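Common to both upcoming complexes is chain A, partnered first by chain B, then by chain C.
And then the complex of A and B:
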């Protein structure tokens, strides 16, 4: 029990249902290759792992510090492009991977520092607008510098031998699962995501995290207590950017591809916002629930809606509203409802219910 | 002794800051020497002014809404998209008049198209203000989130109503093509954009500077509490500013759709970035700044697009950076108490 407490930095789920849901998700992700065989479901599992990290790092900004940034996908993209460029220019080995990651981290650090120092002094709205502009500029840049980034087509690259799908660790499948590069990559993604998530949990429960919360609640008072709020905000912005960059590295490594549509698209930014808010702002666990719910919905809700749309044929407008491509409409409605009525999202609901019983 | 008398002369006037205007003129002149060809320069300048005025129409409402109530509407692009889509439908309904060779009949198609866009966008703006924005006054974080959420839902609803495909929005017959003045080619539709844009700007300036409502709006931007203390309801005023701002965005959207001759659901989100840049450059809350900023963005985009197409798409961001390094609050900072 104490070990778990240390591992979770003292921030326990504090709700039986929440703990159950988190345990189930952890179990499913840890054993995904064995529980859900098939390429599509493993893709979904890997995407969930990576986006949990990405969303959690965004929550550090939005939920804990109270800053809205629209440039989070930019840092995600820098990670992806960092290793994609290193892998295509250098030998596709571990050293290229390390160089690409280090380079991407450095670029992200400098950029997030610049953006932070430039615009975090002023109002939240101003920061949101500036980051939106900078992110769209970066997306244009990535598609224009086609010599370096591959333009709209993106970059497909080779990964180290060990991680390639063709690589075999064991000749025979065990329990119907091939022990090869794909499996190794999945577990690399899974353990990195887990470690990064626990690291973020550590950060928000440290004295540093408390100051961030204080700034969110009352910036003036935090400043009066002697904390340089600009410094803390900038640090939070940099930390969040660095973690997003690492998530981008993992995503590129999993897809063996980086392009504007997988990393820099504004639609991904919207997805991240939805995941954070639906899961619960200011609760790291919210990112797990929000991401899982969202990505599973993205991949499987459409099948359900196809059935519903077919069943309501003949009624005006309803089949159009239930059209499989309209899944985002319903999540958008859920998002708006969450912001109004459940500011702490699903996690807040679960914790609140649990507290009343206990 | 201290009673004011009538013969004290005119009230002291605030001096107009002319430096941003000089910069605007400077950009136009420098571009002339960089481009080198007079006819190209005229064409580009007219294109830039037309684009700038269209952006101004769309952005002016947003900056006023922010100035008056400290509300930043991230879903402003929605009204642009609605204006454009209503324009598509109306233009289709009046397609016979739009296809005719007579300019008057073309106007008979253009007028209802623009009017429809204005009315529908205004109505939806009223609804949006009531349902989405009113519950989150004064909470910036929630405003950003909720308006972004409203944008997502609305974009999806546009998909439901008009479908996901790119729709054509043809210009009326006599407004296609261009005039030739000497060896200068001037696209006809750009002139329409300039005329409409200047009329909107003139009307807005008249209302803001010559009417009581305008006086209240300007006073409200500078000091809301004081205006309320005088017994005026700034909030009611704000609702109307919001509606008019949305309607103008709708008008701008319909014109922009015709400018590009087609409409996709992303038109709003694409314009949003440009509009944010413009109102940041101009100074949040300042209509005059918004006007100068929009012209600056339009002109620079066209000049740079001709001189070095690779940089063109990023030129606006660079422009914003330069302006903010010089004046961190924008060209015309709004003094707030």
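And then the complex of A and C:
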């Protein structure tokens, strides 16, 4: 128990139901290749791992510091393009991966520092507008510099041999699972995501995180206590950008591709916002629940609706309403219901309920 | 009289188009509790906020511990050893009682002896240690606000009407806590409307009117002179209880 407390930086779920849900998700992700064999389900599991990190890093900004930024996908994209450019221009080995990652982190650090220092002094709405403009500019730049970025087509690249799908660690499958490059890449993604998430959890539960919460509550009061809020807000902006960049690296590594549609699209920014809100802002654990629910719904709602539509054949109107083509409508309804019934997000609701009972 | 820790000379403050402080001259002696009195709208709260840099002085000099601070930023001024207990309590409602105190201690960990001292005066804070501060009662919030000024050694504490709206029993607790704070050689500049509290705590007194200091002296002398009270404050301090 003490080890778990240390691992979670003293920030325990504080709700039995939440702990169960988090444990189930961790278990499912850790054993995804064995529990859900198949390319599609492994793709979904890897995307959940990566987006948990991306959403958690955005929660550091929005939920913990009260900063609304629309440039998060830009940093996600920088990570993806960083390794994609390095892998296509250099030998597709570990050194290129390291150079690409380091380069992407450096670019993200400089950009986030500049955006932070120049615009975090202004009011929240103006900062949001600045980040929107910078992100749009970067997306246009990525599609225009086609020699470097592959333009609208993006970049497909080779990964180190150890991570290639054709690589085999064992000749024979174990428990029906091929021990090859895909599996190794999945566990690289999983362990990196877990480490990054725990790192973020440590950051928000440190004295630094406490000051961020104070700034979110009341910036002037934090200043009256002697805290330079611009410095803290800029640091939060940089940390969040760096983690988003690493998430971008992992995503590109998993897909062996990066392009505007997988990282820089504004729709991804909206998805991140929804995942943070549904999970619960300022909770970190919310990113796990919000992301899992969202991505699973995004991938499997159509299948579920197809089944439901078939099962309700003969009943008037219902099969049409449940037709798989209307999955976006139901996804929208699901979000409205979530926001209406869980204004503090799922984690906020679970913790609040737990506190009342306790 | 001890040498001043804080000196304001010809301080003017404008808030938008309004000229609030109109040449404030004030010396706050080191190690004393100076009461800042005056009618509503005299500029007392603005004076405290100007010292901390929350409002920028448009002209004049503010010297603290022999350094000019009028042009400095609020975090710099606070880091020099000035704590502020605002009238609105200024707590972080979403953070726990513990986190509110840890934040006030800034870089260092909570001093156990000082914490025990805080709990001695305000036992409710121990009871609600992990509760979000926003769930505390008005009196408990004020206790937390004062405790934040007590949890770390400060050279100067600016306190704005700490007893406002509190029950008499809680006021007595606050007075005892502030007396204890005085014993630590902390210099205090306090705005107060409650005569009992002002007389119990004040060493020196400064009276403000229309953005200027119109009287300075000893609190005991003002408390004993009803005619002076009526002339300076419009009515006797006894009525302010």
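In this text, the second predicted complex is superposed on the first by the 319 of 358 C-alpha atoms of A that agree within 3 Å, B and C clash if a C-alpha of one lies under 4 Å from a C-alpha of the other, contacts with A are read in each partner's own complex, and residues count from 1 in each chain.
The working rule: contacts are C-beta pairs under 8 Å (C-beta built on N, C-alpha and C of every residue); 3 or more make two chains touch, one makes a residue touch a chain.
Quick caveat: nothing in here was measured; it's all calculated off a predicted structure.
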Just chain B (first), just chain C (second), both, or neither: which does A:194 touch?
neither
Partner chain(s) touched by A:144 [first = chain B, second = chain C, both, neither]:
first
In the superposed arrangement, does A:211 touch chain B (first), chain C (second), both or neither?
second
Given the touch rule stated above, what does A:326 touch, chain B (first), chain C (second), both, or neither?
first
Check the residue A:227 against both partner chains and state whether it touches chain B (first), chain C (second), both, or neither.
second
Of chain B and chain C, which one touches more of chain A's residues?
B
So, A:318: does it touch chain B (first), chain C (second), both, or neither?
neither
Taking the stated contact definition, name every residue in chain A that is touched by chain B in one complex and by chain C in the other, in rising order.
none
Sites on chain B touched by chain A in the complex
66, 72, 74, 132, 135, 140-146, 148-150, 152-153, 156-157, 159-160, 164, 269, 272-273, 276-277, 280, 284, 310, 313-314, 316-317, 320, 324, 328
List of chain C residues in touch with chain A within their complex:
52, 54, 73-75, 78-79, 84, 86, 90-95, 99, 102-104, 106-107, 148
What part of chain A is in contact with chain C in the complex they form?
207, 210-211, 213-214, 216-218, 220-229
Could you pull out which chain A residues touch chain B in their complex?
62, 66, 68, 118, 122-126, 128-130, 132-134, 136-137, 140-141, 144, 266, 270, 273-274, 277, 317, 320-321, 323, 325-326, 328-329, 332-333, 335-336, 339-340
